[in-house]
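The structures considered in this document are given below.
Each of the next two complexes has chain A plus one other chain: chain B in the first, chain C in the second.
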Partner chain A sequence: MTYVDAFLLTLLVITAVSVAGMRNLFAAAVFFGIYSLLSAAWMTVLDSPDVAYTEAAVGAGISTVLMLATLGLTSDREKKDPILKPLPLFIVLATGMVLLYGTLDMPAFGDPMAPIHQHVAPHYLNDSPQEIGVPNIVTAVLASYRGYDTMGETTVVFTAAVGVLAMLIGRRQRPSEAS
Partner chain B sequence: MNLLDHFNYYVVITLMMVGFYIIMARNNLVKKVIGLNIFQAAVILMYVTMGRVHDGTAPILADGPDVVYSNPLPQVLMLTAIVVGVATTALGLALVVRIQENYGTIEEDEIRALEDAS
Partner chain C sequence: MTEDLILRVVTKVLTPFIMLFAFYTQFHGDYGPGGGFQAGVILAAAFVLNALTFGLPQVRKALPDRIMIIGTGLGVLLYAGTGMVSLFRGGNLLEYGVLDHHSPVHGQHLGILLVELGVGITVTSVMWVIISTFMERAVEDAEGGEG
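Right, the complex of A and B next:
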C-alpha cells in the first residue's frame, strides 16, 4: 500500500460516512459526486484508466446531476430522525464480519499468481493484438470478445430510458387533466 | 499472514457497509438511492482491485519486452456495471419523482402511514 492509496482511501471512507450523517440532501448528492470522483482517482492508481474515465463521467457526472434534478422536483431536506438505529447497525456489523471472514482465503492484493489472472486473461493479453488489432485491450474485450455483454448493456440502458420516459411523460399530462 | 495483503478488501467492505446502512436506516428515498450508489461503487472498486498485478501497468499495449499488464477482464465487466448502475439510478429517481407527486412526501415512514390510513 502506498501513501497515495492510503490518502485516497481515507478520503473515500470519510466522504461515505459524512454522506450517511447528512440531513441536507443537496450536500449529500454533491458529496456522492466527490465520493465517485475519489473512487475514479483510485481506479487510475489501480491501472484502470478506462473504468476511471467512465466512473468520473457517468458516476460523478450523470448520477449527481440526476440526483440534483430529483431534489429540485422533490425536497432537499431530510426529515429529522435518528441517524444511529440499533437494528440496522447490528445487521451491518454482522454482515461486515461475515464479509471480513470471507476475505481470509482471498489472494493477496496484486498477487500475479491469483486465480483471476490464470484463466482467460492471458489469452486476451497475448492474442488480442493479432486477433483484434486494437492497442487498448479493454476496448478489444469490450467490443469484440464480450460484445454480447455490451449488447445486453445497451438493452438495459434502452429499457431504463423507456421506463424513465414512460413515467415522466405521464407526469406532464397530469396538470392539464386537473385544470 | 500480512494484514496489509488484504487492505483493499477491508476498505471496500467498510464502504459497502456504509452504503448498506444508509439503505436500511434512512427513511428518505433519495438518500436510499445515494446509499445504493455508494454500495455499487464499492463493489466496482473491489473487482478493479482484484485485477491489479504488482508492478503492472494499464492493459494498453506498450513497446518493450517484459511489460506486465493488469488484468483487463474485471475492468471490462465493471465498465458495463457502471453504465447499468446509472440506468437503474435514473429509473429509481424517476420512481421517487412519481412517489412525491402521488403521496406528497419521499419519506418512507410517512408513505407507510398514508397507506395505512387509506
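Right, the complex of A and C next:
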C-alpha cells in the first residue's frame, strides 16, 4: 500500500465518521459528495479511470444535487437527536466484522492468479483488439461482450424515471383540482 | 433561481463547455474512459446547473417535458433496436458484427456507437426528469407555504 492509498483511505474514513456525527443534513449531503470525490480519486490510483469517472459524475455530482433538491422539499436539520441503541450498534459491528473476515480469503490486489483474472478476462484482453477493434477494452466489454447486461441496466434507469413520474407527476394536477 | 450576477455569468460561460465535455465523453468512450452513462450524467448536470441559476421554467422552454419523457424510452428503444437489427441481419441479439457486411469490426464499432448513444439519451433524460420533478415540487411547496 502506497502513501497515496493510505492518505486517501484515511480521508475517506474521516469523512465517513464526520457524516455519521452530523445533524445538519445540508452539510451531510455535501460531505457525501466529498466522500464520492475521494472514492473517485482512489479508484484513479487503482487504475480504473472508467469507474472513477462514473463515481465522480454520479456520486459527487448528480446524487449530491438530488439530495440537495430533496432537502429543499423537507428540512435541512434532523428533527430528533438520535439515541445510541445497543442492538443496532451490535448488529452493525458484527456485520462489519464478518465482512472484514470475508476479505481475508480474497486474493491480493492485482494478483494475476486470482480467479477473476483466469476466467474470461484473458480472452477479452487478448482478442478484443481483433474482434471489436475498440482501444478502450472497458467499453468493448460493457457495450459488446456484455451488451445484454448493459441493455438491462439501461432499462433499470428507464424504470427509475417511470417510477418517479408515477409517484410525483400526479401531484401536479392536485392544486388545480382543489381550486 | 438566483439574481447573483457572478453565478449567472459563470453558468452561461460554463454551460457550453460542460455540454461539449459530455459529448466528448459520449463519442470518445471507445478510445478513452467514459461512455454513454457518464456522458448522460454530465449533460444532465449542465441542464441542472442552468435550472438552479435561471429557474426551472427557463430550462423547460428549451427542453419541454414531453420531449425529455419520450427521451427516457427512446434510448432504451435505440439500444434494443440495434440488437433487433443484428437479429434480423442473421446474427444473435446484440451481435454487432453483422451490422456491416464488409467487416465485423466496423459493425462492432457502429453497434457500440449506437448503443452508447442509446444509453446516453436515456440517462440524460432520466436524470433531468427525476431532478426537475423534485425541484418542481420544492418550488410548489415554497409557493404553497407563502400563499
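Note that in this section the second predicted complex is superposed on the first by the 177 of 179 C-alpha atoms of A that agree within 3 Å, B and C clash if a C-alpha of one lies under 4 Å from a C-alpha of the other, contacts with A are read in each partner's own complex, and residues count from 1 in each chain.
In this section, a residue touches a chain if its C-beta (ideal position, glycine included) is under 8 Å from a C-beta of that chain, and two chains touch if they have at least 3 such contacts.
All values reported here derive from a predicted model rather than from experimental measurement.
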Should chain B and chain C be called a clash or a fit once both complexes are overlaid on chain A?
fit
Based on the superposed arrangement, let me know which partner A:Gly147 touches: chain B (first), chain C (second), both, or neither?
second
Is A:Thr155 touching anything from chain B or chain C once the two structures are fitted on A? First, second, both or neither.
second
Once the structures are superposed on A, label A:Glu131 by its partner contacts, choosing first (chain B), second (chain C), both or neither.
second
Per-residue contact with chain A, leading partner among chain C and chain B:
B
Touch check for A:Thr103: first (chain B), second (chain C), both, or neither?
first
In the overlaid three-chain picture, which partner chain does A:Ala29 touch, first (chain B) or second (chain C), both, or neither?
first
Which holds for A:Glu78: it touches chain B only (first), chain C only (second), both, or neither?
first
In the superposed arrangement, does A:Asp50 touch chain B (first), chain C (second), both or neither?
both
Once the shared chain is lined up, is A:Val58 touching chain B (first), chain C (second), both, or neither of them?
both
Closest CA approach of chain B to chain C after superposing, in angstrom, is 6
Indicate the residue numbers of chain A shared between its chain B interface and its chain C interface, in ascending order.
49-50, 54, 58, 62, 66, 69-70, 73, 135-136, 138, 142, 150, 157, 160-161, 164, 168, 171
Could you please specify the touching residues of chain A with respect to chain C in the complex?
49-50, 52-54, 57-58, 61-62, 65-66, 69-70, 72-73, 130-136, 138-140, 142-144, 147-148, 150-151, 154-155, 157-158, 160-162, 164-165, 168-169, 171-172, 175
Under the definition above, what is the set of chain C residues touching chain A in their complex?
25, 29-35, 37-38, 41-42, 44-45, 48, 52, 69, 72-73, 75-76, 79-80, 83, 93-94, 96, 104-105, 108-109, 111-112, 115-116, 118-119, 122-123, 125-127, 129-131, 133-138, 140-142, 144
Residues of chain A touching chain B in their complex?
1, 5, 9, 12-13, 16-17, 19-20, 25, 28-29, 32, 35-36, 39, 42-43, 46-51, 54-55, 58-59, 62-63, 66-67, 69-71, 73-75, 78-79, 81, 83-85, 88-89, 91-93, 95-96, 99-100, 103, 106, 108-112, 114, 116-117, 120-121, 124-125, 129, 135-138, 141-142, 146, 149-150, 152-153, 156-157, 159-161, 163-164, 167-168, 170-171, 174
Taking the touch rule as given, give the residues of chain B at its contact with chain A in the complex, in rising order.
2, 4-11, 13-22, 24-28, 30-31, 33-35, 37-38, 41, 44-45, 48-54, 56-61, 68-80, 82-91, 93-98, 100-101, 106-107, 109-110
